[in-house]
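Shared chain: chain A. Partners: chain B in the first complex, chain C in the second.
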Partner chain A sequence: MTLARDQVTHVAMLARLGLSDEEVERYRQQLDAILSHVDRLQQVDTSQVGETAQVGGLVNAWREDVRGECLPAEKALANAPKRRGDHFEVGAIQE
Partner chain B sequence: MTATSAVSTLDQVMERWEPVIGLEVHGQLLTQSKMFCGCSADYIGSPPNSNTCPVCLGLPGVLPVMNRVAVEYTVRSALALNCEIPERSKFDRKNYFYPDLPKGYQISQWDMPLSLNGHLTFTVDGAEVRCGITRVHLEEDTGTLQHAGDILQQARSSVVDLNRAGVPLMEIVGEPDLRTPAQAREYLVRLRQILVYIGVNDGNLEQGSFRCDANISLRKHGETGLGVKVEVKNMNSFRAVHRALEYEIVRQGRLLDQGQTIAQETRGWVEAKGATISQRSKEYAHDYRYFPEPDLPPLHLNAEFVDRVRAALPELPQQLAERLQRENGLSAYDAATVTAEREDARAFESLVAAGVPAKAAANWLMGEVARLARESRTPLPGSGLGLEGLASLIKLVEAGTINGSTAKELLEELYLAGGDPAAVVEERGLGQVSDQAELERLVDAVLAENPAAVADFQGGKEQALQRLVGGVMKATRGRADARVVTGLLRDRLAP
Partner chain C sequence: MSWETVGELGARLRSGETTPAQLADHARSAIESLASLHPVLRYTGALTEHQAGRAARMLAESPEQAGPLCGIPFAYKDVLCVEGVETSAGSKILEGFIPPYTGTALQRLLDAGAVPVAVTNCDEFAMGSSNENSAFGPVGNPWDPSRVPGGSSGGSAAVVAAGAVPFSLGTDTGGSIRQPASFCGVAGFKPTYGRVSRYGLIAFASSLDQIGPFARSVEDAAHVFTAMAGHDPRDSTTSPLPVEPVATQLARGVAGMRLGVPREYMAEGLEPGVRAAVEAALAQLEKLGATLVEVSLPSTEAALSTYYIIAPAECSANLARMDGVRFGLHVDRQSLTDTYLETRGQGFGPEVKRRIMLGTYALSSGYYDAYYRQAQKVRTLIAEEFDRAFETVDALVCPTSPIVAFPKGDKSDPLSMYLCDVLTLPVNLAGLPGISIPCGLSEGLPVGLQVIGPRLGDAQVLRVARAYEAATAWHTQQPPPLPAASEAFA
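Showing the complex of A and B:
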């Protein structure tokens, strides 16, 4: 398994990471090692094992539809990097 | 390619091309609390960011817990749409960075949705249309963004309100089985009606609790493959959906006629321009990297759960319309009109239960009452008159105590103010003059006062009779039954 540089830059773009050329190469090697490990795991015969993403055994872990307390807006906004009035403020979004 | 292709009309395009339309509908569920936390799901009118908590704010270290009723409402909707409910389903993370969801992902369902393989059938222009439902799944709604300044391109910042973030949202994905804008519109009307009837959604397109995106492509008639599809967004009325689809059909048809290709893109409907505009945010394909939500154990809905939800499924609008035709003798048209809105259907059934004849109940509800409700923005159940008052008023007409025009005046007067119609009729002496001797005396007086009209009628001028009827009605201050008066006059004037 050899990960290409443009796959790394694509993933970096999705994660909103700006990487230098040197970092792209470093992460390419690290990610490549991780994927190689997964490749090894895929050699295990799992044909008799059901697919799952959970091993805790819980199902239908739901709650009743009851309203609880909300945070006051002041607290909700307490750690906002930028705010305007009682809104979070972010860079302009152009749809 | 013809010289006129660039200006082809909708009809001309439709002769050459067949539209293929599939709709995706999102409906907020009418639960008390949000999908994964206890904040209120009713956020409309709340001050910005006052309806949030660490879970829906996406703060570190929190865990979502699913809302049982939201699962049940989704299953209820899926059953109403003839879907299968697989025993096992799960939630997934749909990853994307956008400030409307602070977590960096939306909890949704990818490869194991709550339901699959349904359909909705309805009628357009007398022909039955069957539209497949690919799936109905459950996810969370996003927060809302506002852009500073009037001109989007000049806005330097946007502001975020997370009150809506995490509200339970059901997505209903339709198959590309629709072929005309009229079919698409009717599909939406029926779908909305069902969701409102079964009590899971309030059907408000304007406020966005029921919203629709459309996928549309064109192909030559007879072809089975699909053309390049365009996704259309921002349509917040049935009319907007209809117009946006018509616009897209003409736009795509003209391009194809000129030998051009259609760009696969998302376009937004701009009501003021009556046009769809390309939305540039989707220049590259989305890469959501779905993966199973590790914080939510899977769902395992056994037959017992599904049977219980099915048993509690209320009567669907189509079933109700059929029943009203069968049991109350309504015409198909009246039944469809009365059942269009659930509140009207309920009012109709209450009136009939109170002893009002079905036809009269339908006529009053769909006519004068609908008009007053619209004009006063007050539905009947919340009006001063109420259902009971209306029933009593219609019964006064049916019993012949008052005539139709008196009843209309009373309805107008009492609709908001309220009051007992029978008492008002008694108090003001509005009852119809039904005393035969009294009516005959009035008829004779009017005949004596109008020799010219009498002569005209006897000379063969049928319309002269109306002048005489009008004279008697005036003498009774509108309280006589015009048919009885007409009969009396004819008897008197008979040769």
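Showing the complex of A and C:
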């Protein structure tokens, strides 16, 4: 398979990764090589199996619907790059 | 350096010959003397002092009740959160991050009186097999500083292998405890998925990640596992089943056990020195009374591809939280989208970006069925093959890695690096317990024997490993002394 440049830039945008032109080209080549290897998955006959949902052997994990401890606002905000009062500050979402 | 085991140090603490604070000081100076290997990113400072004091009180009040880890110094990987101590996941994007809470595994060790001393270097977000992907520089292997210690928990393996601390914590998503244990000549144990809580572990791939110990003996690894294991309401994937007591299992030996040798794991591609050491280990287990049975795990070849879809897919979702809003690096731009793009573009290193891209691609519209869904089906096949094998054998024995520690810079092509994990990652895909223990040297470098058990068969795995260890001396081998600092930088 051959990965096109615009596929790489599309994926980078989906992943919100700002890449330089040089990075786009490097990842295009590397992802192409990795995906060519991974393509052998297509040869495995999986017509008789379901998808793995989990390997923990658990069915459900229930608990009482009661309010527990949570981080106090001051602790939750302690690492915030930008804050305003008791809130995280972000730039405008709609322009 | 102190090469004493947890048991030996515990006896000295109880006789009053030493104190937790002295052991912690000693561990810190030992780690400082390893500076040229760069295994540690920072020291735990005030927390070390606080815990040493707490352990001393526990020992003074009731020496009999204090557990085996009380007063014992250790180091932990830079992906585990401890309140008030920086955790950066080996990444620029989290540099300076101070966790607001302590993870469960760490908390249980603190409650057992263990004394953290240092935070170990690792591949960025635990992604790598050589520790060369750390944003803060690579780690050297104590056996040969020009070689890698393995990854991603390379620093944790190195500090134990070099005799600086008796145990450390790592995490294993595709082999990140077992492969560095193999490369550095120590024991490295990945418990069953769901046995040790992941609460407070910075997530890489949530369906595969598991926390586990490095130690210089199986018994020490078992002490650490026992202290950490068990249900945690804060991690809904932890098993509510009681943890089987390990200590009583350890001394039972392997006589009468049936051990499977997966044909595919002994196939071509093994270095001759690795093959020779592992074959000798298998013969030793047979001599100890185990019956060896050849088994087949035909989907092994597809496991690598399966892993390199599922793990990146999960990482691309998990790492979405690195957005520059609530914590970590923030590169200010006019629009929110540009802030994300720049923060993540500048904050993540090349391997992390590569895996986010791969995972995003595999999950993207039009490719999901061919990659992610198909990988999850092959994963079912892999798990079923293990289940079938465990209907006829008690555990599997095989090499941990097809190769010994390689020179730094030797695997600059990402795919060649991924191929290193071919014998460890099927175990994560199936959620099984696995350990690597030293079983020989190949051209002066350690070789690891891997023991794999059925799910929740953690005690069984430790029992087989202990039986081998008790009959051999490989785990007592020490790396040659490091060259003096002036030579190291010559």
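Just so we're on the same page, the second predicted complex is superposed on the first by the 93 of 95 C-alpha atoms of A that agree within 3 Å, B and C clash if a C-alpha of one lies under 4 Å from a C-alpha of the other, contacts with A are read in each partner's own complex, and residues count from 1 in each chain.
As a convention for this text, a residue touches a chain if its C-beta (ideal position, glycine included) is under 8 Å from a C-beta of that chain, and two chains touch if they have at least 3 such contacts.
Values in this document were obtained by computation on a predicted structure and should not be read as measured data.
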item: Touching partner for A:66 - first (chain B), second (chain C), both, neither; value: first
item: Which of chain B and chain C A:6 touches, first, second, both or neither; value: neither
item: Chain B versus chain C as contact partner of A:87, first or second or both or neither; value: first
item: Comparing the two partners chain B and chain C, which touches a greater set of residues in chain A; value: C
item: Which of chain B and chain C A:56 touches, first, second, both or neither; value: both
item: Contacts of A:25 with chain B and chain C, given as first, second, both or neither; value: neither
item: First (chain B), second (chain C), both or neither touched by A:16; value: both
item: Common interface positions of chain A, toward chain B and toward chain C; value: 10, 14, 16, 52-54, 56, 58, 61, 63, 71, 76, 82, 88, 90-93, 95
item: Residue ranges of chain A touching chain B (in the complex, touch as defined); value: 10, 14, 16, 52-54, 56, 58-73, 76-77, 82, 84-95
item: Sites on chain A touched by chain C in the complex; value: 7-8, 10-12, 14-19, 23, 27, 30-31, 33-35, 37-42, 44, 46, 49-58, 61, 63, 71, 75-76, 78-82, 88, 90-93, 95
item: Chain A partner contacts - residues on chain C that touch it in the complex; value: 97-98, 100-101, 193-194, 207, 233, 236-237, 239-240, 299, 301-302, 304-306, 308-309, 316, 320, 323-330, 332-342, 344-346, 348, 353-354, 356-358, 360-361, 364, 370-371, 373-381, 383-384, 413-415, 418, 429-431, 455-456
item: Residue ranges of chain B in contact with chain A within the complex; value: 31-33, 37-40, 47-54, 57, 65-71, 90, 95, 97-99, 145-148, 152-153, 155-162, 268, 279-281, 287, 289, 291-292, 294, 296-301
